[in-house]
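Have a look at the structure below before the remarks.
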Amino acid sequence: MRRVLRVQTKAFDASAEIAALGLGAETGALVTFTGLCRDDGGTLAALEIEGYPEMAEAEIGRVAAEAERRWPLDAILVIHRTGMIAAGEAIVLVATASAHRGEAFDAAEFLMDYLKTRAPFWKKAHRRDGSAGDWVAAKEDDEAAVARWVSSKPTAL
Amino acid sequence: MKARYFAWVRERIGLAEEDIAPPASVKTIADLIAWQQRRGENYAAAFANAGAIRAALDRQHVKAGAPIAAASEVAFFPPMTGG
Amino acid sequence: MRRVLRVQTKAFDASAEIAALGLGAETGALVTFTGLCRDDGGTLAALEIEGYPEMAEAEIGRVAAEAERRWPLDAILVIHRTGMIAAGEAIVLVATASAHRGEAFDAAEFLMDYLKTRAPFWKKAHRRDGSAGDWVAAKEDDEAAVARWVSSKPTAL
Amino acid sequence: MKARYFAWVRERIGLAEEDIAPPASVKTIADLIAWQQRRGENYAAAFANAGAIRAALDRQHVKAGAPIAAASEVAFFPPMTGG
């Protein structure tokens, strides 16, 4: 089991990070998710991401451990950035590797749903017109997305 | 105990962290939020809508009813919007 | 809408292929799936993939069009290899980009489920012991995986 | 019409493609499979289990009942195992 979990301010190179996992020939399926900063119809210049770093690392570790408990995974990678992230840049990278695609897809989606609703990060929008940033509101969709994992299998989270 | 504040909770209070010493009658997160509401205008603004506040004790999510006695760090913040 | 669909014998560079899509700042979510040749507990040397190239291109085009009809996508990438593929090498790459993660995940999984069961490719195993290759049998799991998309929404496929 | 064979269907027949001219009584894919079964030992082996054979007409998947009259290319193959 390869596990890389990191919170950082600098940009990441997704392909280098995945190559560094050193997947073996038991892996048949690799799923990656990259979350990118949208420009919101051209109005958004950047997102500023505030984190609670010590808790974020602990929480990401708990979510990764739960994913490993639920699915037979060969590798989990989670990198989440904080600080100023310009429109078009990547915010988060999740990768999961498994023998079969169903497990890799489910685990990646599970990790993202939990990161969205449980990892202590908050986004502030910086507009192109220079107006004061507003905090991005949490989405009910995200709460609904995470709820489906609770109903399907018991969780320690 | 140490209190930490994030996002608009931090902005409204005007502090990222502080040491707090609530009275012994403050036993749960809900009690602590009610106590914070009475500490001044900035705290009242930050904690006005208790339902919009999330809390962690020693870096783990907790519900409003969680007892605070054993914790050394409490954090208050809005619902998370990372990922 | 960016659409790249290709059948080829040579290996691909996933990150170069995705960079070449030239995603814009309207994209918030990028999901990639890489299907890799497993070594089957060290016994498998390579998979030989036979294709029906003209039909494969037509069929992948139909599946991609159906994915575009179902989800608001910014990009679809499908690259499927044929010929000899050594254990550890990539066989297939699927990437989907959308504003939001749910759509990108669903579309990627949909594409893979359909490719597995409808794209005209067949795998022959070449063993390390040099024994004559056997054709890989289709899995009932794959039929079950594709069936869920039919029950959830009507399809033109 | 042109017939194309893939994977073990191709191996058992010993041909990747050929031109075929079934009689007018052969109207559907199912009829065509039954006709192929009678063309010799190699065809009998390839088409022995009709349930294990998939077919395409002009590069589109079809069911056993599909009429073949309008097609210029028919293909026979096992269930797909790509991806």
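Note that the chains are named A, B, C and D in the order they appear, and that numbering of residues resets to 1 at the start of each chain.
Criterion: contacts are C-beta pairs under 8 Å (C-beta built on N, C-alpha and C of every residue); 3 or more make two chains touch, one makes a residue touch a chain.
Owing to the predicted nature of the structure, the values given are computational and were not obtained by experimental measurement.
S.K.: Distance-wise, how many Å sit between the C-alpha centres of chain A and chain C, to the nearest whole number?
M.R.: 23
S.K.: Mind checking the centre-to-centre distance between chain B and chain C? Centres are C-alpha means, answer in whole Å.
M.R.: 48
S.K.: Would you mind pulling out the distance in Å between where the CA atoms of chain B average out and where those of chain D do?
M.R.: Measuring from centre to centre gives 71 Å for this pair.
S.K.: In chain B, what residues contact two or more other chains?
M.R.: 83
S.K.: Considering chain A alone, which of its residues make contact with at least two other chains?
M.R.: Chain A, residues with two or more chain partners: 35, 101, 112.
S.K.: Connecting every touching chain pair, does the picture come out as line, ring, star, complete or other?
M.R.: line
S.K.: All pairs of touching chains, please: list them by chain label.
M.R.: Contact pairs between chains: A-B, A-C, C-D.
S.K.: Quick check on the complex: what are the chain C residues that touch chain D?
M.R.: Its residues touching chain D are 35, 49-52, 54-56, 58-59, 80, 91-92, 112, 115-124, 135-138.
S.K.: Across the complex, what residues on chain C touch chain A?
M.R.: Of all residues in chain C, those touching chain A are 14-15, 23-39, 42, 87-88, 99, 101-102, 104-105, 108-109, 112, 141, 145.
S.K.: Give every residue of chain B touching chain A within the complex, in rising order.
M.R.: Where chain B meets chain A, its residues are 4, 6-8, 10, 56, 59-61, 75, 77-83.
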